[in-house]
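Take a look at these structures.
In the two assemblies presented below, chain A is common to both, partnered first by chain B and then by chain C.
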Partner chain A sequence: MPYHEFQCSKCIPERKQHAVIKGKGETLTDALPLGYLNTIPGSISERGCAYCGAKHVIGTPMKDVIHLSHGPIGCTYDTWQTKRYISDNDNFQIKYTFATDMKEKHIVFGAEKQLKQSIMEAFKACPHIKRMSIYQTCASALIGDDIEAVAQEVMDEMPDVDIFVCNSPGFGGPSQSGGHHKINIAWLNQKVGTVEPEIKSDYVINYVGEYNIQGDQEVMIDFFNRMGVQVLATFTGNGRYDDLRAMHRAHLNVLECARSAEYICNELRKRYGTPRLDIDGFGFEPMAVSLKKIGLFFGIEDRAQAIIDEETARWQPELDWYKARLLGKKVCLWPGGSKLWHWAHVIHEEMGVDVVSVYTKFGHQGDMEKGISRCEEGALAFDDPNELEGLEAMETLKPDIIFTGKRPGEVAKKIRVPYLNAHAYHNGPWKGWEGWVRFARDVYNAIYSPIHKLALLDISKDEIPTDKGFETQRMLSDADLSDEIKNSTTLREYTGKYNCLKDLRKKTYAPFERRELADAV
Partner chain B sequence: MAEQMNDKIAQMENYIMKKCLWQFHSRTWDRKRQNENILGMTKRILLGQPVDKDTPEDRCYWVDAVTMAEAFRERCPWLADMTKDEIAALMDGLYERIDFLTVTGSLNQELNDQHY
Partner chain C sequence: MPCEVTPKERLGCINPIFTCQPCGAQFASIGIKECIGIVHGGQGCVMFVRLLISQHFKESFELASSSVHEDGAVFGACTRVEEAVDVLLMRYPDVKVVPIISTCSTEVIGDDIDGVVTKLNAGLLPEKYPGREVHLIPIHTPSFVGSMITGYDLAVKSFVSHFAEKTEPNGKINLITGWVNPGDVTHLKHLLAEMDIDATVLFEIESFDSPLMPSGNHVSHGDTTIDDLRGTANAMGTIALNRYEGAKAAQYLENEFGVPAIIGPTPIGIRNTDTFLHNLKTMTGKPIPESLVRERGIAIDALTDLVHMFLADKRVGIYGAPDLVIGLAEYCLDLEMRPKLLLLGDDNASYVNDPRVQALEKNVDYDMEIVTNADLWEMGDRIQNRGLELDLILGHSKGRFIAIDNNIPMLRVGFPTYDRAGLYRNPVVGYAGAIWLAEQMANTLFADMEYKHNKEWVLNVW
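On to the complex of A and B.
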């Protein structure tokens, strides 16, 4: 597996250790990109800061909480509403954002008074919310404000509120990943074990590392409810603050994004003996295997199988409609962390696309091990990319689409490469069987949008054809398809609803079973 | 003969590396424990021996082991023609290989970090 040197990064020779090409017959022991290191000076990274990782990724998806940044307004602005971690309480946590708005005078004289005032104001402005998370930023960390002391003072004065303090300033780590780590451990140390939950089922899990992007968590909770599995807490998408204080009582931690949340699972295993089961919630087969494993753990695998059979029968013809049209399309899979390995093999197997490159902005070497293992030979894998490297890779690999964040995504658009937002999605949810078809539909819509062809014409110099009408998506995607596929009566396009969460939120379930209670009666 | 064995191990290795996540926990001691327990249990299942799964921890290993044993039986039809001794030797070889790829031969510099 040779290391790869980008032409544009020849002047930063250290970058060579951060990129490899997966060679034929070679293994992870031949070469592995470096990862989770400070960005090399001269390389304009696409990473976020450790405050952003703590607040933006993990803290803010908690839904019944005032999320207050103790710092200049700019830190908060960058973490506001850019990710679609929705919730079923009218999206309180993304509708409102709070900051103490630190200014020069606070840096000189301290900002603890301002912090207390802001806390009080926020609780007053939202009288129905009794929980708060406070996030330290570079400014408040450097002047040494004692956020815990202020929070404690408020809790003493207002016994009905509870406050969590996250000390993860922007400089606390090479990337947002440092913040993931800090908030995991802070939550565990400060809050887990401080609430006793009502146990309603014999089968109790925490669902960890799931952030309810466009409703992913709600899709998964539906499966768990159908299996009779009680989800004590989701860390943290659509999660309730007090539920997350009760994480110590689960029988099993089901871990989705190990990159951002393995820390809390590892510590829960050490401190409370709760085992950690890593799963994949994306794709038909991984989804099926994951539910089956949870079923096996509790001895209810037949319930998982019933869901698998029903969902597969319902959605397979639709996934296959898209697969037939996406076969052989080249993808650069360039997410932040875990989707690199959640998706690398399964988009190839189930959507028929070829992953020609994987990268991770803030992943560790362990994520690269997983991602490189799962992608096909010949793929270019690189860590902590910069914009020029991304451009060079797109120019040489000529992908049909890239899956990435909005900053590199906009860069891709400039060179007419369509992109899907791997962090916030387009028309999600993308988890579960239906979600996976919605993802395939988004990929199809992006690749075959007629706009890309039109955009390639430069009206200042190209001849504009006036004898032809517009081409439609279907004309483009079906041009080389066999009649058998084109006229198939079994394959069909997505037939779900525009908003597939609406009905889910109204759904009712059979009550959970509790053997111990039944025995006692 | 050795070549045939290596080829079989490679097929199983490919399944693990593509489909599983349990082998990539974040520290050396963690990976060793996962490899030993999960592959150990898979071996017992394939040999038709009983597996101890009374504690939640063991049950969690078993979940991955039983899923993998099922997948091996499905994807590696040649397993059905092997004797128990051959299966035992094959699984020992697979264990050694996975330990090499994920622990002893791994280039992951975080594996020996003292903290999680």
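On to the complex of A and C.
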């Protein structure tokens, strides 16, 4: 597994150790790219800052909370309405954002008064919201405002409100990851254990590291409900502030994104003895294994198995319809932190695509370890990607599609590589069995878009095909497909609805009998 | 008093209208050819601005960060700039212009970016890059001063003052457009062409709407050259269309090189476009040709179809960039509409002295509020809690939920407009802009009448 040197980065030799090609028969011990190190200035890296890691990634998905940033206006504005973490309370956390709007005089004289006034005003403007999260920024960190003291003062004056403070300035660490860590620990230190929950089931979990992108959390909660498992709190997507204060009472922490939220799980284990169970909502097999693990933990495997059987029967024919048509397509799997290993293996197994490259913007070496072990031989793996390296990789590898962020997706577009939004999704949710089929459909639609084929034609040089007035995705995807697959009566395209959450939100669940109650009878 | 100008009473901000200064400087810098800006601060200051710009244009633009981490924040981060410049120049051999854009963090810690530039000009550039034309331009844009609007204004002036060089008169005018869209630049250049006027346009951003080529060209970038900027000192005059986005540069050229400046008015609507053409005529001596009389006629004809029957008395709320908001308000009045609430989203103290604002105060005969240092809550609160009734909202995408949640039709105008397709392709300035705005406002109202079954049958016999 030799290090890979990008042509464009020969002049910054320290980059060489950030990229490897997974060679035949080699193991991770042969080479592992460096990770989570300071960014090289001027390299046009794709990383964000620790403020955004705390506020934007983890804090803001909490739905019944005023999210107030203490600093100049830009941090707030820039991280507002750029993600798809929805909620079932009409998306308050997406619609409203709050800032203290720090100005020059505050830099000189301090901004604590401004902060206090802003807090009061925010609560006044939103009388139905009694919870607040305050985020430090570079500017307020540097001038040294004591945000906790101000928050405490307000809480003393307004007993019905509760305020959480997260000190994670933008410069705190090489990437957004520093902010994930800080907010995990801050929440645990300040808030966990301050509310006692009502326990309604024998099986009680926290669902951690899940941000309800396009409704992922709601899909997963449906499975937990069907198993009779009570979810005390989701950290943090679609999560309620007070529920998250009661995390200490769960029997198990079920961890989805280990990159952004393992810290709180590990600390909960240490402080409260709550075990951590890592699960994975992406893909049929990982879904099945995840539910089985939870079932096994609580001794309710049958409940898990019932869901697995039902969902697999419902959706397998649809996933396989896409798999047959995606076989051997080359994918650059270029997400932020953890999806490289969440997806690398399972998209190969279940969608038939080959992962020719993985990268991680803010992942650590551990993420890379898992990602490399799960991607195909010959794949290029690199850490802290920058603009030129991404381009060079796409030009060399010629992928059929890349999964990445919105803006890098625009770069790919220009070199005619279709992209799917790995952070916010195209047509999510992508978790759960149905979600995974939706993902496969998005991949299929992107790869077989007639527009991408038209984009390759140079009308000044190439022979212009004049025999067709249109092409469908099907005409492109099925051209070389066997009759057996083409005429299959079992396989079928996705049959779900555009918005699969609508019905989910109306769903009710029959209660399971409690063990203690049953014993008592 | 029917029209009142008041600052927002609250200290904090709920749903900001603007982002901070470095964004404005970044937006200006992508308009220049062979230019990649380095933002000196945390990485989010660049990453999110790039995202914002790409949300609006559905394109990616190159901007770099000095990636200040803890050690820099504590011990000073000037060496990060030095390294950033070197890395950028090594890897982007075509880059000639590198603005060094400061942020709140690096202004607070007091990094001397001017000193860094001096040092690099004396050391790194001649030693490592002899013979290569490189311009390092410090731009001070602390985020705690002004807004993206003042950042843009400052940056345009910084670029112009760095390059402008008096040699021979070039027979051109300088046209400083302000923060506009490619569609605006295309139409402005069309007006100039019709007038037979040669102009340096700051900035040449038509290419922001860039093609997806069979050759796989991947760069979306502005086209203003170093020579264009140098030549600004040799123009016969400067017209800055906007008072708050680019006027500083026009003023600089007048003071420094005696290039006469005309500031404004923002050519939104028929009347302001007339004034713009008048200014062009005055500055160059070129007559207004018949073709523009005809173009204007087409616009007037289109507006006449709409005004009395559909637009008259419609109550409008407008927010966004100050010149845009004021220009739209003026135009709405000409269309018989009633702007009720104008939000100007930063604490610029000179808004009250703007003659256009003063004219509104003097002449508007119904209740109109102009709020300075405003946030979007000023509009949401008035609608939800204080009885403000609006028939139409004009503004950028960040305020979309005011419209959605209050069932008020909204036309997306300004920056950013990411929740509608392709708006950057259409002009809002000039006669073409007047047509586009009026017709889009009408169509937006029409669609709303249909959704709400509110006299939708009216359109049967129009």
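Keep this in mind: the second predicted complex is superposed on the first by the 501 of 521 C-alpha atoms of A that agree within 3 Å, B and C clash if a C-alpha of one lies under 4 Å from a C-alpha of the other, contacts with A are read in each partner's own complex, and residues count from 1 in each chain.
Going forward, a residue touches a chain if its C-beta (ideal position, glycine included) is under 8 Å from a C-beta of that chain, and two chains touch if they have at least 3 such contacts.
These numbers were taken from a predicted model, which means no experiment stands behind them.
After overlaying the two complexes on the shared chain, residue contacts for A:28 are found with chain B alone; chain C is out of touch.
Legend: residue contacts after superposition of the two complexes on their common chain; A:146 is shown touching neither chain B nor chain C. In the superposed pair of complexes, A:296 makes contact with chain B only, with no contact to chain C. In the superposition on chain A, contact of A:88 is made with neither chain B nor chain C.
In the superposition on chain A, A:42 contacts chain C only, with no contact to chain B. Considering which of chain B and chain C touches more of chain A, the answer is C. Look at A:267: by the touch rule set out above, it reaches chain B but stays clear of chain C.
Legend: residue contacts after superposition of the two complexes on their common chain; A:9 is shown touching chain C, with no touch to chain B.
Of the two partner chains placed by the overlay, only chain C lies in contact with A:455; chain B stays clear of it. On the chain A side of its complex with chain C, the touching residues are 8-9, 11-12, 38-52, 68, 71-82, 94-104, 106-107, 114, 117-119, 121-122, 125, 137-139, 141-143, 169-175, 387-388, 391, 405-408, 410-411, 413-416, 455-458, 462. The part of chain C that touches chain A in the complex is made up of residues 10-16, 18-23, 36, 38, 41-45, 47-52, 54-55, 58-60, 62-70, 72-73, 80-81, 83-88, 90-91, 103-105, 108-109, 142-145, 147-148, 210, 212-220, 347, 377, 381, 397-398, 401, 405.
Every residue of chain B that touches chain A in the complex is listed here, in rising order: 17-19, 21-22, 24-26, 30, 56-57, 59-60, 62-64, 66-67, 100-102, 105-110, 116.
Every residue of chain A that touches chain B in the complex is listed here, in rising order: 27-29, 31-32, 34, 36, 251-252, 258, 262-263, 266-267, 269, 273-280, 286, 289, 292-293, 296-297, 341, 345, 364-366, 369-370, 373-374.
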